[in-house]
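Chain lettering (A, B and C) follows the sequence in which the chains are written, and residue indices restart at 1 in each chain.
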Amino acid sequence: MIQALFDGVLVGSILSLGAIGLTLVMHILRFANFSHAELLSVGAYCALTFDAVLSGIAPPLANLIGPFSMSAALALSTLAAAILTGFTAVLIDRLVFRRLRDTAGPLTMVFASFGVALIMRNLIALVFGLRTERFTDAISFATMVSSDPLLLIKPDQVAILLIAVAAMAALHLLLTRTTLGFALRAVAENPTLAQVNGIALPSMIRLTWIIGGGLAAIAGVLYGIDNQLSPVMGRDLVLSLFAAAIVGGLGSVTGAMLGGFIVGLASSFAILLLPAGYKPAIPFLVILATLYIRPNGLFGEAR
Amino acid sequence: MIGFVSYLVFFLTITAILAIAVLGLNLQWGNAGIFNGGVVAFFGTGAYIMIILGGPERGGEFGGFGLPWPLALAGGAAAAGLLAILVGLATTRLRHDYLAIATFGIAIAIEAFVRNATYLTGGAKGIRGFERPLEALIDNPFLYSLFFLALAVVLLIIVYAGLSRLVSSPYGRLLRAIREDETAARSLGKNPARVRLEAFVIGAVIMGLAGGLYATFYAFISPQDLAPILTFQIWAMLIVGGAGNNLGAMLGTFVVWGCWVASGYVLSSLAPQELQLYAGTLQYILIGLIIVVTLLIRPRGLLPERLQVTKRPGPQNTGVISNAGEQYQS
Amino acid sequence: MPDAAPFLNVSDFTAGYKRGLPILHGVSMHVNSGEIVTVIGPNGAGKSTLIKAIAGLVIVEGGAITLEARNLLGIAPDRLGRFGLSYVPQTANIFTTLSVSQNLALAARRCRAAPETRIAAMLDLFPALAERRSVRGGGLSGGQRQVLAIAMALIAEPRIILMDEPTAGLSPKASQDVLELIGKIAGDGVSVLLVEQNARMALGISDRAYILADGQNQMDGPAGDILDDPAVAEIYLGGRRKGAA
């Protein structure tokens, strides 16, 4: 039980990070972006590449920090990957979504995002191979925090949780303490009024992609540390991210954070009841339940 | 030569079966503007239920009712329709991309289900063995494959004719009216959510029919056949052909399925050994590119919809951000 | 005192929400410096469209618009603040999910002066807002919302403010307060272009007025003359009533 709780919170924190960007894009650009989860893969594989390069140039950076299987090189690489992934998202917007925004309806953008996801996922497979990768070969051992009820925690998992919470706290500060954050919230609420108040929409759209891509990259790295990297990780996560965004209510950052934890917990508790093979179906059940019970999610407004 | 002809017959049979599914999608997307991100869920449901209803006894597992083939096929299609009602009731009232997410989700859920519910579905190994209609009477395999092609084409023609009548009827005009302007349709006393649900269910039934036919043809169905790529392939077929145009939908099926098969052939015969493993990866990129490039360059497909009504909803009237400043300038 | 040269000049405007479907058919008007000008007319006359066209929010297919002799046509709405123009929409004119001070801070991003000083100035000017500075916009009363919306427009130190029915949905008392505020704003040298349903009340504080009907100019002149014109009163002011202005 306790183990399921911890595992659920851990996975939930990663899903929350990924879902925040998704909910912002769905709200501000008004389309369900099926390629968002691929940004997690982009971020994770960027970090993997930078990490290898950095560790090659400056071997001391590759030393593992304390009990963690992370190094200074990986930390720097993650930051670089977050920036690069943010700009990747802007680039994809420019190449595909922005053009469709000007000429077609939002569902056409949803449709295109399926195609974009297929291309991104398989390009990663082509470049990095179909096999799975890990950030480090070091095996990290779990500490038994409690034997009855059984609770095993790896040092890495504590770090993942802390990093995820720190990233969310940083975003929260941005949105509630800076005028840039107010501007982003303003665009989400009423784009026309935002323009009237001097906010240039194109730059806010870019900011949305940068934040969404950056957080997705961090989520991808954390997922890779906890599990492993694979070109299909985006495919495996996309439905969970949508479930988190929908449970939380579209456009609500707080909702997406909470939604991530709800979906993570639902998945980890579900395998206490159901055979593990049914796990991929859990996010769908969460979505369906939300749509029947509270279609606008926990914090969403009707629109 | 006979090898090539029999391959051609095989190719055309699959094309005809997929074209039925594409026509179902065309009703949903092309006419009613409903986004179905999980075509494979309805296709797969039709396939599995058909084979469970019509198949022989399977040692101890559920099914093997041995129903006559037409009944089994109809049962599969009906089951796909029921599934559509379940998803549609929750979503046709909501923001339109919710249906995209929910249908995408149900495809994943159904795949997980058939992989694991061994008692019902045979699990990962699937359900094998099915006596195809009139197979006992036609004992020449080549003749039988010709017969089956004819059967698939006849069903395709029936579906095509039925849908053509439907979309040119007042009901079809209502569907397109709702697609273009839901608010206006509501103000005319129509219930858009209800009509959208109907179109969604009819489309799903047609996809279920295609799935049942597919399982009949192979006398086999397994979770492999429910891979998400099938949804994307069917989408690519529709968009290449021209959403809203039934002839275009069929042409698109032929073109895209032809590209898929040809690219598979080229890769397997020409690509170096170490790249063989990545043949599927390259084919997936091809499908992704077909979708994105078609949307960007020729969004209305090879055979565009013949429009009696206004153009597709643009950014101004769908609530999307439109930069009024840019319009102002232009 | 109004200057002689037109300050905001709109000539021969053809504009609407969809290309090829204009709502305004060649409307011309001007506002002098420090003037309050009211646009009145029946529902559907194109009053709101006119004000949105000036604010850059609808498609303008023909005509010209200048502010202090600088062209405004084709300027994106988010850049009009730099030309000294602010716009207060009729509804949804504040951000309900942001607090009062966040709304002001957001609007102050386009200020040339230090944003903090401008925010402080607005809170000084409107004690009601200062008291509620941490209340979310959604929690304000109708009158307070209108005051906040006007403060968000004023914060950028505009030379002209466009207001679309600022008294719509307000109580008579709150309406009176808002109109008094508008008079005060103009007294400080800021021009005001007003669209109003409460034509009598609005004309009472205005210098001049334009009457639009079917997207075309019908009549214009000093506000007092329009108010006293019996034909106008009959058609546009809902008959003669006593003392409303």
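In this text, contacts are C-beta pairs under 8 Å (C-beta built on N, C-alpha and C of every residue); 3 or more make two chains touch, one makes a residue touch a chain.
The chain list, named the UniProt way, goes like this: A, B = Branched-chain amino acid ABC transporter permease; C = ABC transporter ATP-binding protein.
No experiment lies behind these values; they were computed from the predicted model shown.
Taking the mean of all protein Cα atoms as the centre, the chain whose own Cα mean lies nearest is A. The most distant chain from chain B is C, comparing centres defined as mean Cα coordinates.
Ranked by C-beta contact pairs, the top interface belongs to chains A-B. For the pair chain A and chain C, the distance between mean C-alpha positions equals 44 Å. Centre-to-centre, using mean CA coordinates, chain A is 30 Å away from chain B. In terms of their C-alpha centroids, the spacing between chain B and chain C amounts to 54 Å. Residues of chain C in contact with two or more other chains: 57, 76-79. Counting partner chains per residue, chain A has residues 192, 195, 201 touching two or more of them.
The residues of chain B that reach two or more other chains are 323-325, listed in rising order. For chain A in complex with chain B, the residues that touch the partner chain are 26, 28-32, 34, 96, 99-108, 110-112, 114-119, 121-123, 125-126, 130, 191-192, 195, 201-202, 205, 235, 238-239, 242-243, 246, 250, 275, 277-281, 283-285, 287-288, 291-292, 295, 303. Residues 179, 182-183, 185-186, 188-190, 192-201 of chain A touch chain C in their complex.
Taken together, the chain C residues at the contact with chain A in this complex read 55, 57, 76-79, 81, 87, 89, 92-98, 102-103, 105-110, 115, 152, 156. Listed in rising order, the residues of chain B touching chain A in the complex are 33, 35, 37, 87, 90-91, 93-98, 100-102, 104-106, 108-109, 111-113, 115-116, 228, 232, 235, 239, 277-278, 281-282, 284-285, 287-292, 295-296, 299, 312-315, 318-321, 323-325.
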